[in-house]
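Order of writing sets the labels: A, B, C, D, E and F. Residues in every chain begin at 1.
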Amino acid sequence: MSTVPLIEYETASPEVKAVFDDIQQIRNVHDVNNFWKALANHPEILKRTWKTLQEVMQPGALDALTKELIYIAVSITNKCDYCIYSHTAAASAKGMTPAQYQELLAVVGMAHQTNALATGMKVPVDQQFLAAATPEH
Amino acid sequence: MSTVPLIEYETASPEVKAVFDDIQQIRNVHDVNNFWKALANHPEILKRTWKTLQEVMQPGALDALTKELIYIAVSITNKCDYCIYSHTAAASAKGMTPAQYQELLAVVGMAHQTNALATGMKVPVDQQFLAAATPEH
Amino acid sequence: MSTVPLIEYETASPEVKAVFDDIQQIRNVHDVNNFWKALANHPEILKRTWKTLQEVMQPGALDALTKELIYIAVSITNKCDYCIYSHTAAASAKGMTPAQYQELLAVVGMAHQTNALATGMKVPVDQQFLAAATPEH
Amino acid sequence: MSTVPLIEYETASPEVKAVFDDIQQIRNVHDVNNFWKALANHPEILKRTWKTLQEVMQPGALDALTKELIYIAVSITNKCDYCIYSHTAAASAKGMTPAQYQELLAVVGMAHQTNALATGMKVPVDQQFLAAATPEH
Amino acid sequence: MSTVPLIEYETASPEVKAVFDDIQQIRNVHDVNNFWKALANHPEILKRTWKTLQEVMQPGALDALTKELIYIAVSITNKCDYCIYSHTAAASAKGMTPAQYQELLAVVGMAHQTNALATGMKVPVDQQFLAAATPEH
Amino acid sequence: MSTVPLIEYETASPEVKAVFDDIQQIRNVHDVNNFWKALANHPEILKRTWKTLQEVMQPGALDALTKELIYIAVSITNKCDYCIYSHTAAASAKGMTPAQYQELLAVVGMAHQTNALATGMKVPVDQQFLAAATPEH
């Protein structure tokens, strides 16, 4: 159970209803998901989060599915149960195949392992990586 | 400074030299990076890690660059300095553009924010996500 | 279910009962919460934790509510479900208003985002922060 | 060294200069800090982050210093070196005394300990916390 | 509920059945646990993980129980619920006594506290630790 | 550089000198390490931490070296640079061999990987682990 009530559309304030309407229209759903119902207790955060999420997840130099894969990877590493479920579902809805999901999990798992080994041994960063790390503008 | 010495090619055992030769050939480099030099103190881990990393990072249902982007995302979330530098450099070498890098950072930053909000409010997982989370085989 | 049994007052050893009595008296409750019942399996840790928690959470240069807000912030970041629930409840009991809770969540969410961006870009620490970081004695 | 160049005011685009001007004016400083110079490589993120940070850190139901203390707590838990330094400095500038800093560290340290114990023993959440967790609107 | 179906032995492919047979034989159990049933959706990861886990958890310079204690410590710190339960059970099966478990939890809790204090104060590493950190070959 | 000054013995208060004397005597060293010099800015935390650390790290059901291995494992997972260095050095001083260190790193690395996979797939906990997780008293 959430630490705040889940605000349903019917009992929401006009301010919140406006955001719910927008989410439902953009995402083509009948009802917003629990994350938004919880955030609706905090209208300022609700509006800001919805706005920013749309901007950030807009297909651009990275396509929509790639952005969801990254979102899953961060959510797993951050152990956010809600986000793991919701973004894995979103990625599937955007076309993620079982083969892609398997490869994502394999990369995430391996990255955790090498992250731990590099951290554990306090490996110093190579000079060439310091120079090469910046993508050219 | 690492917790173990960095093993240089010249002083490496034949077992380690064989792995270094393979890395240098596959990656087309003159010298392996510090991560492998540190791991070389632990030959069993060295061999296993190199072998697995090759399998996992092989282009497949996800292409090589997408895999690097996921690796960066996990490394940032895991705060692995070495890995952030090395994989950001690797992604650039595999063609990541500044625009792609900006979008990656934006998604990673936003994911951290919504992960924290969802966790903080202990939002319950929606039924439809539990059903939809599994990619169809 | 916990990895250890939850020890109820009735079946607790005299040593544990003494700690439970103290917690119940200080906190003005009829029964200790599950955290203490679980810790009761490890009497040394139980005594030490209760003693230290009292010292640390004593109102001082920071008042009791501020200390709970900090506790919630750490618990969210550490993804400790038990602690998120218990400390959010404790903060409410100490007078945290919905407006304060909203602002706390907003700060926690934003801090996660900027933490991720600063880490991801490996931003070097400014000289003035190194000098200014120490509160004057 | 950052993974992106630090953009100095002199060589910044008009779009970035406008944000730098605003930060310098609002914060009454001669130059923005490295975090903004790094973010300046990503103008969309720069503008959005500066705007949101101002909104979130505005004194309100929580005062400015309390918000910085929360920011430090999250940054320590997230191991963001840059953020630990910059927000500890900011808190000092906003009046954090050594006594307050000591108490903050004590709470953060203790929270980490009890978080780990509660997680390690998988303590089930008490019913009364589930009910009491929601601040009344 | 997992993001993938749990594959039961009866409906598993021959490739997966072979791995399940091996796990059941080596671990002397009638059925593999849910982790393997979930991983069975990703046969490449399943085979690799089982193989590596056997190699890594083999008693050697560290005995089997010590390895499980380390595994619990990492799992608690990584907040992996599944792993906390399964490895605490495995350690008990390998002879971990309540006294050993209490001491493990005490160390894990205290390590979290001093980790947070050292990180929070950005304590510089002592020269003698840099020199002494490397075990002699 | 730390966020607080490092307090040297010569300029320490009598209260702090007493703790430093105790640490130096118990650990048979000429000078305390930087962690204690930093904590010396916060005498209450200094005394409490030193006292608790001694109790927790006392050889008991687990020997001193095993406790250090657990401490290293947590410190790596928590990415505490200071603690990784200091506890790896302490473990070596307590007799950790290169073979033991290699096995420790292998377990820590693998635990990170399976933690991530179990979390990523949201594997439900098996009934037998819920029952078996509790060491018998």
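Basically, a contact is a pair of C-beta atoms (placed from the backbone, for glycine too) under 8 Å apart; a residue touches a chain by one contact, two chains touch by 3 or more.
Owing to the predicted nature of the structure, the values given are computational and were not obtained by experimental measurement.
Shared contact partners of chain A and chain F, listed by label, are B, C, D, E.
With centres computed as the average of Cα coordinates, no chain lies farther from chain D than E.
Mostly identical positions are employed by chain A and chain D in their mutual contact, as over half of the interface residue numbers are shared between these two copies. Relative to chain C, the most remote chain by averaged C-alpha coordinates is B.
The centroid of the Cα atoms in chain B and the matching centroid in chain F are 27 Å apart. A separation of 19 Å divides the Cα centre of chain E from that of chain F.
Our note on geometry: chain B versus chain C, Cα centroid distance of 34 Å, whole angstroms.
The set of chain A residues touching two or more other chains comprises 1-4, 41, 44-45, 49, 52, 55, 76-81, 84-85, 88, 98, 101-102, 105-106, 108-117, 119-122, 130, 133-135, 137. Taken as a contact graph, the chains are fully connected, with every chain touching every other chain.
By the touch criterion given at the top, residues 79, 84-85, 88, 98, 101-102, 105-106, 109, 122 of chain F touch chain B in their complex. Of all the residues in chain B, the ones that touch chain E in their complex are 1-5, 41, 44, 48, 52, 55, 130, 133-135, 137.
For chain B in complex with chain A, the touching residues are 1-4, 6, 33-35, 38-39, 45, 49, 52-53, 55-57, 60-62, 66-67, 69-71, 73-75, 77-83, 85-86, 88-89, 92-93, 96-104, 106-126, 128-130, 132-137. Interface residues of chain D, counted against chain E in their complex, comprise 72, 76-77, 79, 81, 84-85, 105, 108-117, 119-122.
By the touch rule above, chain B contacts chain F in their complex via residues 3-4, 41-42, 44-45, 49, 78-80, 133.
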